[in-house]
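Below are two complexes that have chain A in common, paired first with chain B and then with chain C.
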Partner chain A sequence: MKTSYVIKRILLTVFIFFVVVTLCFFIPRIGVSDPASRYYPPQTAGMTDEEYEIIKEITREQYGLDGTTFEQYVRYMTQLFHGDLGTSYQSGSPKVIDCIAECLPWTLVLSITNLLISLVIGVLIGTMAAWKRGRWQDRALLNASTFTTALPSFFIALLLSFYLGFELEIFPAYTDQNMVSNFDWSWEAISTVMYNAALPIFSMAIGGIVSYGQSTRNSVIAVSGDEFILTAKAKGLSNNRVIYGHTLRNAMLPIVTQFGMNISGLIGGAVVIEKIFNWNGMGTLFLTANSNNDYPLMMGIMIFMSAFALVANLLTDFVYSLLDPRVTIGEKR
Partner chain B sequence: MKEIMKKIGMFFLRLLGGIGSFFKKLWKHRQGRVGLIIAGILIVCAVFAPIIAPYDPYDVTQRAEKGLSPSWEHLLGTSITTGQDIFSMLIYGARSSLSIGVITGITIAVLGSILGIAAGYIGGWVDTVIMRVVDVLLVIPTLPLVIVMTNVLGTSYAVIVLVFAAFGWTGLARVIRAQVMLLKNANYVKAAELMGASKWYIMWRHILPAVSNLLIMSTALTSAGIMVAEAGLSFLGLGNPEAVSWGKMLADAQSSGAMLFGHWWSILAPGVGIFLAVFSFMRIGLAMEEILNPRMRKGSSMVKVFKHLNNTYLQEVFDSMDDGSKLKGEYATCQINESPAGREMLGCGEYMLESALAEGKAEEPVTEKGGNDESAGS
Partner chain C sequence: MKALEVKNLKVVFPTEEGIVRAVEGIDIEIEQGQCAAIVGESGCGKSVTSLAVMKLLSTPPAIVRMDKLEMNGMDILHLTDKQMQQVRGKDVSMVFQDALTALNPVMTVGKQIDEIFLAHGKLNFLDGQEGQKKHINVRKEAKRRTIEALKLVGISDAELRYKAYPHQLSGGMRQRVLIAMAFACNPHLIIADEPTTALDVTIQAQVLDILKDLQKKQNTALMLITHDLSIVMNMADVIYVMYCGKIVEKANTRELFMKPLHPYTMGLLGSIARLDDKRGKFVQIPSSLPSPMRKPAGCYFHPRCTYATDRCRQEMPHLEELENGRCIRCWNYQEIQNAGK
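Entry: the complex of A and B
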């Protein structure tokens, strides 16, 4: 990797972030000349227009929407530069960043566990399918993938919560809200969380497992035709050594890329699932903000998600070029 | 004036002929036929909903007792909240799902091809601007963005279609751009340029036909994707509140306690509707891909395609592209999985291989005997 390339890439990332923030600033202002007009209280009967103007002015100040658009923009950017995403319109006006900090861990619990389960089981299944190519294991994986790609994960979640949650009552169909308030890192609290998270994670992981399985299978099959695998077999290595020691190791690169791409969607990907299970994460936070017309919170969440995705993309690119010596980013041969 | 009318007429005739022969080919393909039959049934349901459906879900007078179980009178029972006939809602629901999916898919195809061709063929600052816009849109999480936009602009059909299209063209534009950059060096395009053809003429007569296969295929696949997204949006209660849609049916069933009462049919029915719609369009898209791209039938994977490309040639291709590094990072994931990025890049790879073969920079890939023909079957 050339240093100039790295610098160029980082500058581009900063530029994109700047554009995203600008976009997020202007979206709530589409179609309305005065964004504060959404929050004006209705004019009561005995109120003169001057009095109503004063009330409007107070509302504008209260929501931080006073001054011209340009002044607001400058203020917004300065705040952001100091790490302040603004103040939510919720009662008690908490800082947006605090709301995010409160909900982020709960989303990460879901999405990270989901990603790891998908990865591990998917790679195992995919390797097996590649090894038993054309046999029933392989066909089962292929058929599963034609189904899971067409099944939205929220429908899987509904079915699971219906069958496992309501009919068999094995797992809770709704999240126990005490779990969040009473969380104290005790073993008991952690196990409650895992018990409550089982269904959401499972309903997301089904699609993930199949998708990782399919990529692993194809990658393993592609690699297993290579000469060095033949050499390994000719050396008289056991089947397991050939698969896990040689084939899988070389077939992992595409999986790493897929993993990287999934990481960038780690916090924005579970909005609907969180709603179904009433999970207290970023998705629920966003939906609540939406129904409250709480624009600073919504935009704060979007900026945060975008920043996360940007950093993840940047890191994936760099890690990938370190992992695969064949890929030389930004260098001409 | 007459000339122009004649030209337009010819264009549509050609288009119709192309589509006709295309459907014939699709019908011969096993997966394609399955997709066509299911999609056909759904389209008939959507168009003739008032005739097929036993009740009119929009008519308040035609509501029965709430939460009935399936019977001959109400094949799938009635909804718990309103007492609407679920079977009729299922048929009416095909309207919103299919119309939004297909219209958005076509809009995206138009937008994506215009921007992709412009970026790839004109290049320069046009390319830079379009690609930076793509970069920005790819980073912002889609569903939250769509939710915010519907909050700001309202939830009418037009807004939903426009918002999905405005943020959904990026993937297609990127693939088309990559293909066009390769096409730009094709001999027949060079020849046309030398003969003094204008840029518009070349884009319209040479570049567009060359990427049209990709466009048709991706329209089917993006339509399927949009249907899932639309179902998710209306499940969240953010779709058109007046229309009957599958996502909203699911949401109503869930929030009214259908699970608690054991009304599994009221959850299964709309879910199966969504599944069939998405499934059929995906099958059609994938079948098209195999028909249009015969090399795919051999179960090719990106890794395989690239293996046969001469390494230095590959480097040349990557270097010729501005976001070559991104391509490089992604190429390896491009097996035949259903990930759109994978499919897109695979199409590119096929094309690269094609042109590399023509220029003698790669060897013809040896297809292995037996196995690995699954992508055509089942």
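Entry: the complex of A and C
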């Protein structure tokens, strides 16, 4: 890996980031004639139209919606360069960064746990299915994958929330809102979070486990047929050494790519699931911001998500080139 | 004591379209320090034979049967998988055809040779001091021996190459690494499956020289599997000619080249280019190998044989033993010889 390539790659990432920010800025404003309209106070009796216009103007200035869209854009970008994401339109005018900081950990609790569970269990199941190729373990995985590809995770979430939540009352179907406000790092508070998070995590992890399982299985089977596995056996290595030292090491390469792609979705991947279980994370925050035309908050969340995704992609590429010595990215052959 | 003795080896692959009889009862004997070549066209069952001897064919799908499999007087046939792991790499090892695919792409070549010593090397004993435990760093010792092995096959800068990945080496260098691997534990027998087919002709000669040199130096028996009779000439002591899963002729190298008996062998020899050739063109064997699922009745070679008679079309000839260990599977070899004179 060449330093010049790394720098080029980082610069490209920064460029993409600004394109994304620009698009995020203009797209929600397309077709909205006056986004500030919902925040105007009502025109009281005896107030002339001129006076009301002045009030409107003041309101627009308050919300940063005065001037043309392009002027707003320049203002926003200047602000962004100074590291300021602005103020939300919510009552109390909280800082956007504070809103995000409040919700982000709750989303990460769900998504990171989900990703780790999916990865670990999926790889284990996939390896076993490849080992027992054609036997019932393998067929079970194949059937499960047909099932979960056809059923989106939000549908699984609805089923789980209905049967395990409302009917059997094993897990809460709806997140306890006191969980967030009462959280104090005590063992009790942590276990409450785990209890509440069980269904959302489970409904996402089913698909994840099966997807990692299926790709691991295919990858392991493909690698098992490679000739260097025969070489390893001909060297008289033990079965374990052949599987862990040679087969899995090579079979994991596509899994790393999949993992990297999933990491980039850590923040924004659970919007619908969060809504179903009323989980106070980034997804719920984004939906609220969206329905309130809360531009600064929407922008802030999208900027955060895209920056995270871009950095994750960048890191995946770099990690991959460390794992596979054949990948010499950016070097011309 | 023979380095390898195989009796009546049969390998069958049941497939959906029918049963493939890849190897149909062949006997192979290799003396210690001897080089025996198995020669035949692609698809004649050579590679399957080598894998069956290593007990590396996955069963299922393959069905492997043999009456006897001995290496250096040791019965291999009845060993368990665990015991077999101890034999592979230590008593018998393999050189594969394409070193690029035969080496693990994400592991340095040094580490790949280390593994053999770590599995078989008895590294916690210094040479000749068995029983006396002297603690040495096992990994360091493996590395030391690996570098030695790399030097043995003529790899310069062995310390540097130790850390190289397979794709960073040239084709010839990779093949040398495979040879170093095969010779690592001084096995009694090495099976080389088309060891030079993937290489340029100039590199081929170098690699064969190293292989021959090491074989002589370490008195290892070598089973050389190839479709190329020209490389066999300088390497092999004995040649088995294989056709459609059967041995059709076995002879000392000199005798085979001087006086081939089987029409198939004659055809193979006729397709070698020679400097002293006055024929002006190659004698080629017409048509191609029959499908292993629809082998012809009688002698398998008869559809391609210019000397075929009615008997050849009906009856499979048996492997007739002649003087000097020579064997021939042909009804008419005497007539053919006489006609040629």
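Rule of thumb we're sticking to: the second predicted complex is superposed on the first by the 298 of 333 C-alpha atoms of A that agree within 3 Å, B and C clash if a C-alpha of one lies under 4 Å from a C-alpha of the other, contacts with A are read in each partner's own complex, and residues count from 1 in each chain.
FYI, a residue touches a chain if its C-beta (ideal position, glycine included) is under 8 Å from a C-beta of that chain, and two chains touch if they have at least 3 such contacts.
On a predicted model such as this, the values are computed, not experimentally measured, just so you know.
Visitor: After the superposition on A, what does A:301 contact: first (chain B), second (chain C), both or neither?
Guide: First partner only, chain B.
Visitor: Going by the contact rule set out at the top, does A:180 touch chain B (first), chain C (second), both, or neither?
Guide: The answer is neither, since A:180 touches no partner chain.
Visitor: Under the stated touch criterion, name the partner, chain B or chain C, that contacts more residues in chain A.
Guide: B
Visitor: So, does A:245 touch the first partner chain B, the second partner chain C, both, or neither?
Guide: Second partner only, chain C.
Visitor: Applying the touch criterion given at the start, work out whether A:124 contacts chain B, chain C, both or neither, answering first, second, both or neither.
Guide: neither
Visitor: Taking the superposition on A as described, I'd like to know which of chain B and chain C A:311 touches: first, second, both or neither.
Guide: In the superposition, A:311 touches no partner, neither chain B nor chain C.
Visitor: Where does A:116 make contact in the superposed view: on chain B (first), on chain C (second), on both, or on neither?
Guide: In the superposition, A:116 touches no partner, neither chain B nor chain C.
Visitor: What is the shared patch of chain A, the residues that chain B and chain C both contact?
Guide: 253, 324, 326
Visitor: Chain A touches which residues of chain B in the complex?
Guide: Those in contact with chain A are residues 132, 135-136, 139-145, 147-149, 151-153, 224, 228, 231-232, 235-236, 238, 250, 254, 259-260, 262, 264, 267-268, 271, 274-275, 278-279, 282, 301, 303-304, 307, 311-312, 315, 319, 325-326, 328-330, 332-339, 341-342, 368, 370-372, 374, 378.
Visitor: Please output the residues of chain C touching chain A within their complex, sorted ascending.
Guide: For this pair, the touching residues of chain C are 51, 54, 56, 81, 85-90, 93-94, 96, 98, 101-107, 115-116, 119-120, 165, 167-168, 178, 181.
Visitor: Quick check on the complex: what are the chain A residues that touch chain B?
Guide: Touching chain B from chain A are residues 5, 12, 15-16, 19-20, 23, 27-28, 30-31, 133-134, 138-139, 142-143, 145-147, 149-152, 154-155, 158-159, 161-162, 165-167, 173, 211, 214-215, 217-219, 221-223, 225, 253-254, 257-258, 260-261, 265, 267-269, 271-272, 275-276, 286-287, 290, 293, 298-299, 301-302, 305-306, 309-310, 313, 316-317, 320-321, 324, 326-330, 332-333.
Visitor: Please give the residue numbers of chain A that touch chain C in the complex, ascending.
Guide: 226-228, 230-239, 241, 245-246, 249-250, 253, 323-326
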